[in-house]
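Per-chain residue numbering starts at 1, and chain names A, B, C, D, E and F are given in the order in which the chains are listed.
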Amino acid sequence: MKYLLEYEEGERVIAFCLVKSREVAVASNQSEYMNLELGDKSGSIQAKLWDVTDELKELIQVKAIIKIDAYVQNYRGKKQLVLQRVRLASSSDEVAMDSLVPTTAFPLESLWDEVEARLAEIKSTTLRAVVDELIHDQEISERLRSFPAGVKMHHHYFGGLLEHTVSLLRLAERLLPLYPQVDRDVLFATCILHDIGKIYELSDPIAPDYSTPGQLIGHLVMGTEMVSEACRKLGISTTDPEILHLKHCILSHHGEMENGWGSAVSGKTPTAVLFHYLDQIDSKMNALGNTLREADEAEEWMYASVLRRKIWRGF
Amino acid sequence: MKYLLEYEEGERVIAFCLVKSREVAVASNQSEYMNLELGDKSGSIQAKLWDVTDELKELIQVKAIIKIDAYVQNYRGKKQLVLQRVRLASSSDEVAMDSLVPTTAFPLESLWDEVEARLAEIKSTTLRAVVDELIHDQEISERLRSFPAGVKMHHHYFGGLLEHTVSLLRLAERLLPLYPQVDRDVLFATCILHDIGKIYELSDPIAPDYSTPGQLIGHLVMGTEMVSEACRKLGISTTDPEILHLKHCILSHHGEMENGWGSAVSGKTPTAVLFHYLDQIDSKMNALGNTLREADEAEEWMYASVLRRKIWRGF
Amino acid sequence: MKYLLEYEEGERVIAFCLVKSREVAVASNQSEYMNLELGDKSGSIQAKLWDVTDELKELIQVKAIIKIDAYVQNYRGKKQLVLQRVRLASSSDEVAMDSLVPTTAFPLESLWDEVEARLAEIKSTTLRAVVDELIHDQEISERLRSFPAGVKMHHHYFGGLLEHTVSLLRLAERLLPLYPQVDRDVLFATCILHDIGKIYELSDPIAPDYSTPGQLIGHLVMGTEMVSEACRKLGISTTDPEILHLKHCILSHHGEMENGWGSAVSGKTPTAVLFHYLDQIDSKMNALGNTLREADEAEEWMYASVLRRKIWRGF
Amino acid sequence: MKYLLEYEEGERVIAFCLVKSREVAVASNQSEYMNLELGDKSGSIQAKLWDVTDELKELIQVKAIIKIDAYVQNYRGKKQLVLQRVRLASSSDEVAMDSLVPTTAFPLESLWDEVEARLAEIKSTTLRAVVDELIHDQEISERLRSFPAGVKMHHHYFGGLLEHTVSLLRLAERLLPLYPQVDRDVLFATCILHDIGKIYELSDPIAPDYSTPGQLIGHLVMGTEMVSEACRKLGISTTDPEILHLKHCILSHHGEMENGWGSAVSGKTPTAVLFHYLDQIDSKMNALGNTLREADEAEEWMYASVLRRKIWRGF
Amino acid sequence: MKYLLEYEEGERVIAFCLVKSREVAVASNQSEYMNLELGDKSGSIQAKLWDVTDELKELIQVKAIIKIDAYVQNYRGKKQLVLQRVRLASSSDEVAMDSLVPTTAFPLESLWDEVEARLAEIKSTTLRAVVDELIHDQEISERLRSFPAGVKMHHHYFGGLLEHTVSLLRLAERLLPLYPQVDRDVLFATCILHDIGKIYELSDPIAPDYSTPGQLIGHLVMGTEMVSEACRKLGISTTDPEILHLKHCILSHHGEMENGWGSAVSGKTPTAVLFHYLDQIDSKMNALGNTLREADEAEEWMYASVLRRKIWRGF
Amino acid sequence: MKYLLEYEEGERVIAFCLVKSREVAVASNQSEYMNLELGDKSGSIQAKLWDVTDELKELIQVKAIIKIDAYVQNYRGKKQLVLQRVRLASSSDEVAMDSLVPTTAFPLESLWDEVEARLAEIKSTTLRAVVDELIHDQEISERLRSFPAGVKMHHHYFGGLLEHTVSLLRLAERLLPLYPQVDRDVLFATCILHDIGKIYELSDPIAPDYSTPGQLIGHLVMGTEMVSEACRKLGISTTDPEILHLKHCILSHHGEMENGWGSAVSGKTPTAVLFHYLDQIDSKMNALGNTLREADEAEEWMYASVLRRKIWRGF
């Protein structure tokens, strides 16, 4: 299968893709045309659709999945698609979402299995029950398998949240033997649940915006409330010490309250303090890895927005 | 009725008071004695109890309410009590808590009536139901009538939280006509509920410490969760916009997230932004009023810990 | 009366308006033309004046008031005026300034009456004399009735400073009964005079820039000096305690010195501390009110530059 | 002449000194005695005056200058005076203030002459007139010759303000040839007047506290107002550009507004920016010089409170 | 073997210990005595030596190792030693340093072996040579086996630096498989060398102070210079990219330059960014572990100075 | 000699200049042309070279020095060169670098002589030897005579580093008599060497970028290492106190560690503290002088990027 950015100038392109932005304009001959940004897993490309009808204007909306017949043109030194034919994709097309948007490089199901495996290792019946209740809820489970971990900073692609979750579980598993002062069960539960509020803070997994509850409450408190809700369903006291510890780790995972990144409370246990650093490590390493991968290999130095400075590829 | 600090040197004192600190020491004759700090509404005084028995050591614990028979002695320029007889107060003594600790100057029941009156004015059935459900819960209602608003900064006395609540309601009522962009119902509900988490963040109303849940979760999130819990009981959706707005105001009432005072999110509505300033005004005015009242009237300048600088009494 | 932005495409416009920006350009036929931004109370619109003569170039300057005869054209999807005839407005035209620029929604004279009423309530003869002396100076009085409270943040329209002043007086009047530790006379005088330096910090009421004294001294110190000057005229000692208190409130009204917003001293009296919050409340509420009013009603979320984040309209 | 700290144990002391603190206590025999701290140029020493009469209690107040007849005793390893006879100093004693308190090492009159010489070099008649008017006012002139530049940070001794002023004039004179973009006249005037507000911000030159106007207004604005007052006397416009520049330099000399040290405005001319650094240099060098001088010569490292860290003497 | 703090009141103590502080005082009978603080691995205890001779005063200096014959006395509720006989320890006593001071719980030689093992795994001949050269220098090797990692914050005991080094190597080894964008060789070399400057920044391993070079240069730059020095000995270019990378990691390991903790440059490679977090994790976990271990087991909450707040033991 | 920006529209230009940027584009007739930015001492100008051959594309690279034959055209209101003939400059052209780029206004050799003169005055043989060794190294000496002191902030022109160095020496010489607590030799050595790392931190003197070592290590540590290297060559101990002091001054010259500008350590001697301010003064005065010189003389206010605010020209 060939992706949008792999076609060369002059080639014909028949492919499914996602409408990422659209704009209707008027040509000098007074007919209307569309400037589109189309995307698939390989990235985004500009496209033009001339002499657009009212029907097409209705059809082609942002986030629509469409099938195109087009050719690649050079426009001011950049490749551009000129669309000849367009239709909406239907369910019978069986378009895989992960072919349409940048997606985690790891198989989603194997990531999921890793979460399950770690969950099974949680010894505390209380914590295991809460995590189990939450991640096996049907809606949550679906969203956890698809949402990114953010809009642009790190793991900002389909399945990114699950990848980040598993990556933290691996970090935790490896570091736990070194620090007996850390609570293994709470740490595992925190890895799985710390960003679970993001599945409602963001609007959808494909081209996410912040939702209204997301902007008013934020994913730290949303996640904490999901834990409380699960406890209620399971008949677990909200002042159970392990539950308090888990909620404390979620609420403090953006670091010290004083740094102004939105922790409602500063970490007050070795587990909470450690988890904040693990989360920083995994998000920074992912963001820097993306920066290195996306930059021209010949560049020795390139701008990394996560650090707001240039980073060095090395030699 | 005469309070502890009103007795002069040489006078006999028969009174109820609260044990605020206690220390057992050994005299030069090897007998044990106690250094106590006793308090009532008028403040605190040092006291000595000589030749203390094991029974008395057991009896006289911090936070115990005792009846004393003593006389006032001058010790190094300060008044001190020498206890002759001591016993624990019993329920038949009917000691009023507000005679034993510094207490709001306003009658608690009339403060409460004001809260009820404002509650009745909330037009939104959703918000009125939530506030009603919470403040008429028996435990909450009792705690709201007794807890201070803090350990030391402002309204740090018996009933202080209720006084602060009512003071904010009065502020809100007076300012609302000036700013139609503010949501009256949400503002009233926020005034009543913004610090409700403090009744569990603090351990008790008399000599409060921070509780374990209080230190791990904090009163902003605790209060938010109490609202969610009330919604659940009442069958109100947790994404009801008015409920989201109320929770947003509670979570952001410590000001901008970036200032590092523990808001999990910055205020994003006129109501939330206004409420933060009202809360600042009422807490600062109370603290400065206390500073002025407690200082020697002859002092033109005195240290106000809430501002960490000296303030001026004026002329 | 119909304002500039109320005309539809194709309509003829005969109106007075203000030149907000001008640019002379050369058309492809080598003749000169003008791109203008014209404004009145309803806002601003682009305009074109073709084949401009030297005389017209001389005539039409920024801040000039002109009478136009024009028609409305659609240019790239936006309305634009094409000017047919233009002349300068003369005094006989009796153009009201508040028809030419965005203006406070309140009648200026009734705002002024409110200031007078509050002034009359100041009991201190010293403070009343100083305020009276200042606001009845002819130049000051005229400027106070016309200047905005700022270039863009809040109350940034004709008469905005007077509206802000009155709004603060209303706030003060309503809150004073709650806080006896606040000095009523000083608070009223501060409300009226706190921003009086702005009438010289800014260059003019219509399209204000910062003046040279404004940039070198700033309105806090300029206002303080105006108070001192009034005292001198009235024979009042500059160390009169009420005058010191008033000057202190003016100098500290941007908040704690440490926050770096230009207070030369931090507030050291309940009155000064309260006034800072009142000023914050009124400027923030005005700015957020403007943001809400100017945004598309369909938008649930919109950017509020005063907070540097998006705010929520609510439901 | 021998100073207080130069007497050895057992010696008789007849000397003038300053009462720096006093406390009346009751001895075991019920008679009253005084614990005094007495000081002169060499520093401070504890003293005891037994069997004190009411007359002596009245006489010996803080800041009084007294003549003592005493002997030196060792008390718990420290030298202490035991007073035998005490009387107030009278004007006929002709006690020089600089023998009683720590004093600048430079002759006050020669410092003053240097100010006069620099004043005479100011070419601008406006600026020269203003400086002349201010420093030759009798009260100002006396205070300028005696006040310290601060309570404890730098030049905190009799005549310190004048020493600091002259030191800045020397710095300015030496640096001016290097930076033609700096205004020589404004810089000289700023050196002389930048801290002139301190003579009223502080209560007195001997044991200074902050005055009430000092705390409410601060020396930056007080100095600015003194300049304005002088202009008025001299008939100079308050918007004279040189006067604006001088006032700007005074108001901004604590550095960038954003650093929160009380500049009402940030420096906006090369002259203002330079002056801030000169002021920093002279105050820091003086403070570090004092720290080095007062520390034990054997110490390689010693705490410098002005920097809040240890400094190195070098080798 | 029994340690100082394990003896009970009344017991005789014959033991080696370290003089941690000493003070000569004069008794009421005019004879001199010494107040000492003596310590061994178990901690510190106060001791008294009466009727001290000049010879003993000469002998017993801070950091001396002495043999004592003493008994344990109760003094104001605390255990205290009364020394009967004292002599300096000689080399024939073969006193093990780790019996005299708090010491890492891990065997020093096995820690060292772990460093060697990891060194052997560095594939880059350049980096391996530099690390090898440095840690096998005799002086460096000895100091690395004995120095603490700091005066009080974390790993502040004999061998603490080596323990911290090995702990970081373990962390690195475990995390490297997760992040291929990190340079394994540079990370291992950084773990071993990042704090190597501390062996000269601190004065000695037993009761360390900051040395003069340590205070003037700091361990980050000192370590960097040690790397450069090793390169020179080995004929490696100072602009070798791997050496630059190693030095960069050392210089940036205190985090972003902007946080003000002394990094001369912010981390600009994934390796440098990761290492900073690993160092934070290990130092914080060690400090919190120490806090938990040293606190009374019954305390649920205890102050952790590394975080400047209380931490929770959990349940 | 006439410089690029001095030619008028229509004039022929025969001149040497520097290629500052280049871009190859395709004209509507499909032939290639070049958009160039050419510069000399007078500044930069856009240029077009039509019908460019492959040979010319190869020849004309950024930083190339070329000889042009061209004429000046008006393009959209700006002057532009149209190149007729171009060739690379050869060594026989003897083009002076300071005619091609903005250059210090002072003769480079006389600046150098001033450095030598000051070096000769250093009394310490150690410090004199180190400075001598470094600045007489051939490569260093050449770079010191050509490099700017920065990419854009201050002294950002050919020879700017040498000018800044001499300017600091003059400042030092003038201030030293006022502050005997400052070490004259260390201060002179610091003036000469504080920015010496910049000759390797930057890539070249003409159109400098940051080098890889520059970005990874930074000029403070690079300069410190150059001092250490010189010591080694000269057999001077790296713990020589004067060398430690010099290195301390270099490492701390960006001010307090806590301000986050990259000082690895805060200044801990009067000399180090003073030098930081001198460096601030000279860089700020240079930058403000440049701003004033480059701005339109008619502008009273102009933006100074070094201060991030507008500055005032004065009257």
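Keep this in mind: a contact is a pair of C-beta atoms (placed from the backbone, for glycine too) under 8 Å apart; a residue touches a chain by one contact, two chains touch by 3 or more.
Remember, it's a predicted structure, so these values are computed and weren't measured experimentally.
Fewest steps needed to get from subunit A to subunit D, stepping only to touching chains, is 2.
Using the contact threshold fixed earlier, the set of chains in contact with both subunit B and subunit F is A, C, D, E. Look at the CA centroids: the one farthest from the centroid of subunit D belongs to A. Of all residue numbers used at the contact between subunit D and subunit F, over half are used by both chains, marking a mostly same-residue interface.
Per-chain Cα centroids separate subunit E from subunit F by 45 Å. Subunit F has residues 212, 215-216, 241, 245, 268, 310, 312 in contact with two or more other chains.
Taken together, the chains touch in the following pairs: A-B, A-C, A-E, A-F, B-C, B-D, B-E, C-D, C-F, D-E, D-F, E-F. Residue ranges of subunit D in contact with subunit E, taken from their complex: 300-301, 310, 312. Across the interface of their complex, subunit A is touched by residues 167, 170-171, 174-175, 178-179, 181-183, 241-242, 245, 266-270, 273-274, 277, 280-281, 284-285, 288-289, 292, 307, 309-312, 314-315 of subunit E. Residue ranges on subunit D touching subunit B, taken from their complex, read 212, 215-216. If you check the complex, the residues on subunit E that touch subunit F are 212-213, 215-218, 220-221, 224-225, 228-229, 232, 238-239, 241, 244-245, 247-248, 251, 256-265, 268.
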